Structure formats: structure tokens, C-alpha cells
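Worksheet for the structure shown next.
Order of writing sets the chain letters: A, B, C and D. Residues in each chain are counted from 1.
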């Protein structure tokens, strides 16, 4: 039974993680930190019955845990990860700090020099459906971003086998508001979001592009260039990505289904939908699943539609899935189906 | 002051039309028909104070009006239009029946033979920003579809001048639920739509493709092939179209802004947003405006984002705008800014 | 491990029940019926991966199960319950058919004569926090209505000890749309509900009044007269009841908290909130909990605010809680906390 | 044509006021102030095409206007009103500062001493349906609060004629989020509000109680004691108040309808609904109307349900209605029906 510490427990990913671990048969939360709410309990902040005390990060008893989850902002997380690793404790980092293997690429997207570049190569990118073996033995786990999870799981079977005929991919993503975090901003004020739909950071701007293109390049023969257009959706949770691709000749939805079902056979959290059915948020919210579906767009053009819950498969649920793998537990333990 | 008859007053476009005409200084509603609610008043059906009597279509006094609006289903509208025209009354048809100039193309998309093909060539496509002159003298006005309005206004300046470098355009549209109409369906049940986002009829399937491609072909040198992916959004109203294009060399957002502002100079209902600002539904809902904005996507790739209110600029508001033109009134009269 | 049959599997309570049982360690679903969707699978109807076959009710193998859940409309359920009981199988009825002990009262509220009056006295009202002992040995369990659950749990401690000073209670309830069921109706069309709030059946009209007043009368010395005003809320799930009461002299929020915590000590699903905190839907949705809170209104007037998830504690979750009790399982098994 | 100045143009009431005045045939906006956004245009803050410059309040040319609207926070507004009045300019104050006639009562509810008590008796409470004559000649107009508008219009006919049989009234109100203002707070974060319903400040706590009870006392023979329970609703706009009253003997819904229709005869913005129909937000949002409806609750108990748009009839629309009266314009000018 892994003993667990959580840094940054009071953001949306921290809260979701705690709710998952509270229902996990083999997890024991030893500490949960909050800089601004130290001394309070989780039930003072969130509408829940959990009287979990929040401690200042300085008072966290890292030596008493087997694994630390870091739900901190990027740039801050890497400092805490270094100290966790120096204490010999395994780390699951939900920030972006260890997802990019190249410190220069990190600096390009995140506009800050990496403070722990020596740890970058240790880090394992925590997409279990692709890197299950490496994850099992990882000491530093970089939990994938929410948008990249929805896109990478949707493209992996095609890219790893070199089936993309055109190296350009257009990703039109729509995300629920919890993805923007709990920090106050006029962009997340109810009246600004409700009955609205807003594109933001579209084109070649969003930071998750680096992460997507790194993995696609690692899997395929050629560099894939992604056009990425995220939109803010008036729902609490969920990401739907509509992905426009051009394949080499000879494809159909049936052949796509055959490839994906074969690639993902036995995967508990991948739901490949039958022909004629398209993924929607309702397939996945409040679960750790990723739903994937296909449509023809004429000629060699196809559309892949994938959906995840951004807080579960796109963050805390995938982190628990990774923890399960790292500690030899049933991969699905504690995860809503 | 045009005397007005409305066929099919009790759907969402009919109700929206009546609300607009009730606030229009120069309009007089002579009759409003409803097959299933004849004998009732509008206030029996909708939460409004309008005690407008609903009459059976057979009892409509077509000879007492100057113009008839048709808010009927496609396939049914063409029969009514023929009788309206035979009575010498001008017709504004909000259905799809007279938007396609070629009866064979109509049949291909709508799966029914056209019953009044001789009227197709008389019909004027009612996009005022493009066809203002013809609209003024039209006797049969085909009011554009909601999705085509959002797409065509977003592409017109580029296509008419031959600036598209690649003849493929990808349109990812998101529409509020009123676009699906008032007919009961599990697809529009609150619990199915709320907190959800659903793609539907994506690829080369949706009927509005014919209308989009007809107009793009009429304006440009080459046929434009559209990939079209509509999504159902958990909001009442509004369409946002995110349009992926590749231009010939030498373009920038600034040059696009210059072209669009020049093309649409003096247009009361076109709102070209400044660089760095993207259209969202909040710019347009409850107005007759179309907001248009741009982003770069690397190289010659660009994204055009446009937004309209599907019930106003995408249907009843545009119909009133067309009526104003047809009767020599101020084009903006009665239309929410 | 109870073997389970479900009649009426495809409504919202049936679907919620199946999702709960799928995550229940000791439950085995033997059959799930649907009159209109027989031959299909659950995944054909709902966005889920459950390939559970739906059978016609006539083909249900009642003799193969230990307990049958009935998620049928009232009036229909009583006929099926009789046959289930005749087969010697225990029944958990989620309809209203066995909640009222008096067939005449049933007829008064539901406008239909009761077809199995001899079973009424066998039925146990399934509010575990009040009737735990009787539930354990029940063969026919009448699962409480959603509104009554939210009201009765909020008043039980006061009424059973005779503390109500005025026999009139005003209940202003607000319910999510899933409470209205999956049947198509213009009242549940997205556009009618979204951005709206609608009172309905207010005063002394709603059928759940009979159930509330029966239990309150059974617990207290005097008859309590309830004014009940339900409202349809633009959310998927949850009921919040704001209850206005007048107590005998000498009460305060602190004394109320003391009474409620004492009455509900050890109850896993009752969350009595601390002074100064009010219940909201966020405390309970997606859980089997009931949150209860208090405010002073001057003099001897108080307000009790309670919240439940109408599909879980207000229907299928409470049904599973009852099943756990009936089969000697841990009462919380399979129920989201 | 009144020349208009607006103090505090960038909150929700300021923005709504500007949109109304932009469509008002006889209004000219001379200045609009913003402390924090001086130097910007309205279109920099809100998704609209209005290039209205925002000036620092110190630079407002009060001597150039006929009337100033004050959309400032309470406590701050009274200082600005004094200066406006000293300049001989008429003032329409949308804050709470001049609604209570007694400075001591103001201090009791708002916890701050009144800085311009000598102006309190000059102020006219701007409920046109009650105080139309006085409003026409007012120099200082106190625009009513949103909740009080919904409650007072619902009770005025009964109270002025002494028909309340019990001096206690219970008001259960539900308000959209724009009522909470544009200031950032975790209470208005989308994720906290969406799919939620939260009571707040219930009992005898909310500041609007003073305003309600002042007017009810002024109209009736006896003091009416109000229990007031506001709830935050996951919608943009609208207030629905469900009001529980006990009348003297002999009342029915029909008699109530007769009284209300007689009292409000000719009122353009009062919509008394027919028997059997209940007010909902959909009747009033985006209009200046108040919808009022009734239900029986047994014996002499009745329920009055009223609805308004909190930003229009509950704030800026009513302010424009008052301006129209003050300047001898058609009372409905510029107001959405």
C-alpha cells in the first residue's frame, strides 16, 4: 500500500486526485500541502466531507512517503521534484516540467530556463498505453498534458506504423473550464463563459504543441506539424478533439477500426467506438476512459474524434493509473470506469 | 409599411421572426399560420405576452399581404412558395428549398425531387453583403442557411479575389441547440446536451455543404472542396466556425484585416475584429452581426474564426434585413445591433 | 453475491442503477429488460461501453435471480411486482406504487386504483436512516421518491421528537432535469430549460406530497401540512430543498446541529454541515450523500437546507443501499462517497 | 434629447445601460467613466463593437450633461451623487445609497455611516408602477434593487389594500450570476456555479431586506416581516421569486388575477399571467418586463411567483424607464419588450 504525499492539493487536479485516492483500496494519503490554505482542511475549501488537513509545503514529511504527486504550477514543480528525488522518493509530476526531454525546447515553450535539466532524461512520459513498461520502473513520472493525451491516443496507431500521408495535422480541440484551473480570472467568470464559446491561443501558440510534436516525432518516421486550435467550452469538464488528417491511399473507417482495435486490444481505458458512432464528452466525463471514433472526409481525408475527461484521463486519473503501474497494483484500481 | 404573412410561425425561426417584427417600426403582421396549433395564440406556446392568433395555413389571407415569410420544413416550403408567387406576393423562404440553383444538386443533398424547379432561377440568394442589388428587386428570396452564412461571410473577400492557394477548406463549426429546431428528439433532450459536446454529420455529409460550395464556386476561379464538421454545443444560440485555410504566399493577419475591412466597409452587420482578438459567441448572440477574426498557423496557413447568432443573422434577422432591402427600408431597421 | 434482474433498464434511474451495479463488488446482473429496445445493448442507447443485452420483459428469467429492481412507471410497476413476489423473489421497487400504505391515498394522488393492495402492508419504506432494521428483512422494498428523500431526511430528527412548533412546513425545492425522466417532452427540450427556471405543480398538487405527509405523520404527534413548490433547474442532477419551519421556543442553529449530529451519528451518507455553511448541489452530486444545513430566520423561525443527487440518494443509489442491507452486505458497498 | 453621463461604466449594470442607451432614439452619451480602465474603449473590455472612450471620473464633464447615471458601489456612490447634485445635474443612482429614507437604517444594513443624509429625503424611490408622478419631477432618483423589484411588484396590489392576513412573508428567490457583479470571486468561477445551486445570506441577513420592508411598511397598515432566502442559479440573468403568503379569508387565484390586472392596467412592463400558468425566467430575460403569477396552497395560503431580468427591470432597464419619465419621453422608449 503506497504511502502518498501530495504537493499542491487545492487546485482542481489536486482535489480530483484526492477524491480518487480516497476511493482507492490501496492508497494512504500521508500529507497534502497548500501554501495559501495551510492549517485548514480540504472541507473548508471544497464542498466535500473530507477533513484532510492541509500543511505548508515546508512541513511535508517527504521521508514518510513512497511517492509524491506534484500538482504545482510549471516552473515551481521542478524545484520540488528535485528535492523529492533527493530524498529518494518516487515522483509523479502533473505539471509540464518534465514532459519535454530537451531543456531548450522547454525554455522555448515555457519561457523559463529549466532548473533541473539533469532529471529530464530520467523522466518517463506517463502515457500507459504507449510506455507501460518504462512506467513500471519509473522514479520520475511526467504525467501528460490534457490536450496531448486526447491527441496522442487518437494518433498513436497511425503514426507508429507510418500511415500518415501528409505530415500536417489539424487539431480543433474544445475543453471544459476546469482545464483553465482554479485561479481567478475574468476568462473563467461564469458570465463570460456561460452561453459562450471562445477560441484561444490558436495556430502555433499553445504550449502543449511542444509535447504533442515531441511524441509524434518519436513514434513516426517524419516530423508531424500540428495546427492546434483550442476552444473554451461552457462545461465543467471534458476535452473533445476533432483531428483532420490525410492518410496514404487505401484507407477506410473499417480499416481504421481494425488497426485501432488491434493496437489497443486489452486496454481497459480505450474505447474505440463502432462505425457510425462519434465520440462525445458524455462517453468519458467522470471516467478514466478515452473514446476514439472516425469519419471519412472524401478521398484520403479522414477525421478522428477523441474525447477524455480532462481532470481524470487528462490529469489525476492518468496519474493514479501510472501510480498503479509503478507499484505493481492492478492498473484500473480506484479508477472510475 | 409592408403587410406581412408568416407560414410556420411556431418553430424557433418563426418565433424569432415574430419577436423581431414586433419591434420593427414599419412592419405589420397580417397572419401567422400553424398547422398543429391553429386556433391558439402565440402566448399559449411561448413564454411571451404576444396574443397573436395562429391560423391554419389554408385560411391564410395571402392576397392581403405584400410579402410572405416561409418558416416551413424543406420539401414542404416549395409548394407553399409556388402558391404565394402565383398570388403575386413576394416570398422570403427560410427553408433550403430555393438556395441551390440546380434542381439536381438539390435532389442529391435533400433526397427529394424539386417540385418547383422553374422558380429556382428566379430565386435570389439572400446574403446582403454579397447580393444587395439583386435582393432589392427579388420576388423570391432564398434566405441562406445558418452554417453557410457563418462560413461564406468569413471567406467571401478571399475567394472573390482568388487568394485561396489550396482549394481545400476545413470548417469546424459549433452550433447552439436552437439550430436543431423545436421538434422533440432525444438529441435535444436537456440531459443529453448539457455538459456534453457532440460532433454530428461530419466529413462530407451535412446538407449545408451544397450551399457553401455553390457560392464559393460562383465567386472564385476554382472549385473549393469543403470538409465540414458541425458540433452540437450546450448553448441556446450561436454558431462559431473555425476555418482552416492555406493562402498563396505573402499573407499576414494585418493584410487579411486590410482586405476584409476594405471589402466590408460600411457594412452595419460585419464586425471585423482587431488583430489579436478572436471572435466568440458573446460578440454576436442576440444581434444580427457577424464577427470575423484571424490567426496565423505557420507558413501560408491561416485560421479564420467567424461567429453569428444562428437564429438572427443565421435565419430570421437576415430575413428581416432582406425584407428591408426588398421594400426600400433602412437595412438595419428592427434589427438588434 | 445477489443475482439481480432489472425491469425498465433504459430510463435514467435504470441506467444509473446499472452503472452503480457495474462497479459493485458483489452484484451480478442476470437480466435487464426494455420493452422498446429489446434486442439492443445498453451501449446502443447510452454513451457507455456496456454491452449489456436488453431483453423483452416477457423473457426475463425471474427464477434465476435473488432480487429484482423495478424501474418502471407507477401503475405498471405494481403488476410486475406482484409477479416477482409470486415467484418468491425479493423486489426493490423504484416507482411510487408501494410507498403509500393506504390504497385510497394512493388512488387520490395517482388517480388509479391500486392493483395489488394486499402487498401494500408488506412493503417497507426504504429510508435506511429511519427504517434500517425493517429493511434488512424486507421482501418488498418501496424505494422513496427523490423529493421526499431530501425533505424527510431534513425533518426526521425534529419531527420524531416533537419539536415542530407550527404544523405547517413550506418546502421550496429545486430539481435537475434528470428528475423529469427521459421521455420526450417540450418541457425537457434543451432550449426550454437552459437559462431558465420554472416552478411547476406548486402548492398542494405534486404527488410526492402524499409520501412526505405520510411519513411525517408516522413520526410525529400531529399532522404536518406541507406546502410544496418544486422548480425545474437547468442542471442535469441534484435536488436542493429549502425548508421553512417554526420551532417551539429555545432553538438555535447550534442546538439543531447538536440534535442532527446525535440523531445521525455513524450514518455514512448524512453530512451535517457546520454552522455558517449551507448545503448546495456541489456537496452531493455524483454521491449517495444527503447534506443538511441550517439558518436562523428570526424568532423561532428557521430554515433547513438539504441537498441530494436525485438519481443516486434520490433513486438508484438508495436502492443499492437498500439492497446491501437486505443481503447483509456492507451498507456502503458500490456507492460513491 | 437628454445628454447623459455614466459613472462606473464597466460593471455589468453599466455595460447593460450603455447597450440600452445605444439603441435609445433620444439619448446621447457624453461621457462614461472607469477608474481602472480609463483610456481604453468599451470594446477593449466587452465583446461588442462600441468604441466608446472610458475616462477617469475626475475628468468627467458633469456640466455638459442633463443627467448622470451612477453605477458605482454603494458607499462610493453617495459622494459622487452629492457632487453631481451640487452641479445642478439630475442623478439616477443604481447603487443602494439613496434607497433607504432613514440614515440609521442605511447604517444598520450597510455598516457605514451615510455621507449625504441631507439628500435622503430628496431621493425618489424609482419604482415607476408605484411612484410614477414623483419620479417625473425627481432630481435624485434611487433606482430599486433587483430582488426588491421582483418582490415589491409582486406584493404591491395586496399590501396597499391591506389584504395580507398574516404579516409574515417568505420569499425564496433565485438569481442569475450577473447579479453578483463582475468582480472576481471564487463564488462566481464557472466551475463553482455551473451544475450547482447555492443558497446564500438566507434568513434575515441580506441587505435588500431593509429596502423591501421599508416599502411594504409605507404601503400597508402593518409592518410586514420578510424571511428572505436568495439562491445563486447557474444562469446569466434573471430573478425568480417564489413568495409564500397568507391572505385574509375569501381569496382565490381568480380574485387575485382580477386585483392585479386592475391595479396594473395599462402598465407596459407588467405581465400578469393567466390562471394555470406560472412565471419562469424565459418570460422576462432580455426584456424590461415583470411577470407575475399565482397558485393556491390550501386554505388562505397562496404562492405568488414573479420574474424579472435582474440587469434590465432589476437595474439598467428600470433606470432608463425612470429617465424616460424624468425627461417627459415615452416611458417605453429604448426598452426591449
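Criterion: a contact is a pair of C-beta atoms (placed from the backbone, for glycine too) under 8 Å apart; a residue touches a chain by one contact, two chains touch by 3 or more.
Fair warning: this is a prediction, and the values are worked out from it, not measured in the lab.
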Angle (degrees, nearest 5) of the CA superposition of chain C onto chain D: 180
Greatest separation from chain B - chain, by CA centre: C
Where chain A and chain B are represented by their mean Cα positions, the distance between them in whole Å: 39
Whole-Å gap separating chain A and chain C, where each centre is the average of the chain's CA atoms: 37
Distance from the mean Cα position of chain C to that of chain B, given in whole angstrom: 46
Two or more partner chains touched - positions in chain B: 192, 195, 234-236, 280, 282
Complex contact set, residues of chain B against chain C: 12, 177-178, 182, 184-186, 188-195, 234-236
Chain D contact footprint on chain C (complex, rising order): 168, 170, 172, 174, 192, 195-200, 202-205, 225, 227, 229, 231, 233-238, 240, 242, 244, 278-282, 285, 295-298, 301, 303, 305
Sites on chain A touched by chain C in the complex: 22-23, 47-49, 195, 271, 280, 282-283, 286, 289, 291, 336-337
